[in-house]
Amino acid sequence: MDNNKNKTVKNFIIKVEEVSKTFHTKGRKPVVALKQVTLQVEEGEVLVIIGPSGSGKSTLLRTLNGLETVDAGHIWIDNVDITRKETNLNQIRQKVGMVFQQFNLFEHKTALANLTLPQTAVLKTSSGKAEATAMALLNKVGLEGMERSYPSQLSGGQQQRVAIARSLVMKPQIMLFDEVTSALDPEAVRGILELMESLAHQGMTMVVVTHEMGFARRAGDRIIFMDGGEILEEGTPQIFFDNPQHPRAQFFLSQVL
Amino acid sequence: MSETILITAPLLMKGLWLTIKISMWTVALGSFLGFVIGLIRASRMKILKAALGVYIHCLRGTPFLVQLYLIYFVLPATGVEWLKFEAFPAAVIALSLYTSTYVSEIVRAGIEAVPKGQVEAARALGMSKWQTLGHVILPQALKLMIPPMTGVYVLIIKGTSVVSVIGITELLRAGEQAALRYPSELMTLYGLVALLYFVYCYPVLRLGRWAETKFGRIENSL
Amino acid sequence: MNFLLEFYNYRILAEYIPQFYEGLCTTLKISFVALFGSLAIGTVFACLRLAPNPILWRLAASYVQAIRSTPLLVQIYIIYFALPEIPLLDRRLNELEGGILALALNAGAYMSEIIRAGIQSVARGQVEGAMSLGMTYIQRMRHVVLPQALARVVPPLLGQTAILIKDSSLVSFIGVSELFSAGVTVMTERLIPTEAFVTVALGYLVIYLVLLWASNWAQRRLAGP
């Protein structure tokens, strides 16, 4: 992009600069998960990260809310450098919602309590208000009447709906999705993807790690292809899916499509 | 201090030897008894199972010290000739009964941890009950039993210290006798006794941890 | 009736009801105090054991290993007979204090292992879920980890309490008059070992059954949906 011609300075809500990360496990070879990764995400953008397993895409996603620390480089969320020690990560995480592959709902709490707890504990909302917000969101994700159920009493798809709703109670500016449909039955996958697409239409900034190529093409504003801890290709869904340039991206697409 | 250790060393060593002897007898007898009880507990013999459940709760529900007194003092009082035990057999029998409750629960948990599909596959191949037990269930269950079993053996070794009350000069009583002779060296002598128990128990505990990483662990209700 | 009297002479025994009652109370009192001590010790050492600092967790691991590898009776003797004067007390521990301290230190090691296993049994994802919502360490512990750990820890802790109560019989060796020593008194004064120790055994059995019932109840109650 030529900044001299295009004078409008874009508002990047996420900036990742030369981030590297290596995992060390006792008795095993160190694994390089991220190699000097640089990327930006605009407000309201839906960025989809794809790539083979072990490519570092989940690690990259998890660095964005500090669940994973980085060895080198910087990450700015809403202009706050979260790789600095002084940064209060808990404040950042209130702005950055995350949905996991295994849902990670609090097993000892009902669906409703999963949504009220973060409000009362973190946001210090009154319990009456928290409950109203929670009920509204549970209805919105299609779980009327399920609020008293425990996670173990819900299907995978229902649990993931609760998990998405739980992230939304914090009114995040950014949502991270870490292979959220990988643990679900095929029927449940569609519903979750539709829910995510409707979120995208409402203008939510989203970073999505997924194997669902249909979703990437429909909902993604931009695709990133990663392998071996590096971003190998980047582009709009149309350009990427119809005309991939990098041989490894071509190979990957030939395998999954 | 070193002089005291040198003088009392033969006494303590004799005590340690007796501790080892009692614990080895108990390991053998208690494991055998517990194994049989565990097999029955994992079987479908309803009445026997229930009876052994009562046996286990009675032994688990009372201190070993009380059991030892019941066997050493109360059984002879019944007047039955073969229930009059010397101190050493009384100690081994009491410890073995106490041990058997732990062993049996481990054996039962080990057998129940083998997936049901294994039994079904064996029976589907035409193997008999006993063949299934011997060739399919036990080989898998035994591995799972090793780690918790080491815990029981440590329990036995520590349990032997209690039999000093019925006049067996095992390690702790040997330490007490030494302490009577050298009352000013109490800390050294009891410290030494503790160290000897540690030297005996610790390798067994380590073995258990090693086995646990190698064979995995079962949930047991110890 | 005569047959019963021959086997179990409840008439003599009736004279000793106060001794048994006091012994039972002492047993429960010792166990109760030692239980709280051991839970405090156990919680502290479980947290140390999980600390990232290698000096701290090694220290906690050594404590647990040392306690697990030596008999309780030896620990009681060391604390009661061999420990010198306590600086703040300006005297040595009496038999009751020594017994309780030894029991608490001993059970504390086992409690710490149970508590540690409970904390570790809470899946990593639960913590990450809480972290992703911006919960602080304290909030995560209080609202997510500890409630789940507690549900898993209560039944084994009750089991360990049963062991603690049984183990408390060993403090009779240093002269504490508790339930077991009441039995010894009856045996030596009236030479009726059967009545003496069957009664003691029944006393312990009743305590055990109450705890067993509580453990089962807790397991059902805390198991969740």
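As written, the chain order gives the labels A, B and C, with residue 1 at the start of each chain.
Everything that follows uses one rule, which is that a residue touches a chain if its C-beta (ideal position, glycine included) is under 8 Å from a C-beta of that chain, and two chains touch if they have at least 3 such contacts.
Fair warning: this is a prediction, and the values are worked out from it, not measured in the lab.
Chemist: Looking only at which chains touch which, which shape fits best: line, ring, star, complete or other?
Modeler: Basically the chains just string along in a line.
Chemist: Chain with the smallest distance from its CA centroid to the overall CA centroid?
Modeler: C
Chemist: Measure off the straight-line distance from the CA centroid of chain B to the CA centroid of chain C, and report it in whole Å.
Modeler: Roughly 20 Å, centre to centre.
Chemist: Distance between chain A and chain B based on Cα centroids, please, to the nearest Å.
Modeler: 54
Chemist: What whole-Å value do you get for the distance between chain A and chain C if each is reduced to the mean of its CA atoms?
Modeler: 48
Chemist: Residues of chain C that touch two or more other chains: which are they?
Modeler: None at all.
Chemist: Which residues of chain C touch chain A in their complex?
Modeler: Touching chain A from chain C are residues 125-126, 128-136, 139, 143-144, 147-148, 151, 224-225.
Chemist: Touching chain C in the complex: which residues of chain B?
Modeler: 57-58, 60-67, 69-70, 73-74, 77-78, 154, 157-162, 164-165, 172, 175-176, 179, 186-187, 190-191, 193-194, 197-198, 201-202, 205, 221-222
Chemist: How about chain C: which of its residues touch chain B in the complex?
Modeler: Touch residues, chain C against chain B: 65-66, 68-75, 77-78, 81-84, 159, 162, 166-167, 169-170, 172-173, 180, 183, 187, 193-194, 197-198, 200-201, 204-205, 207-209, 212.
Chemist: Quick one: which bits of chain A touch chain C in the complex? Just the residue numbers, please.
Modeler: Counting only chain A, the residues touching chain C are 65, 67, 90-94, 96-98, 100, 102-108, 117-118, 121-122, 149-150, 152-153, 163, 166-167, 170.
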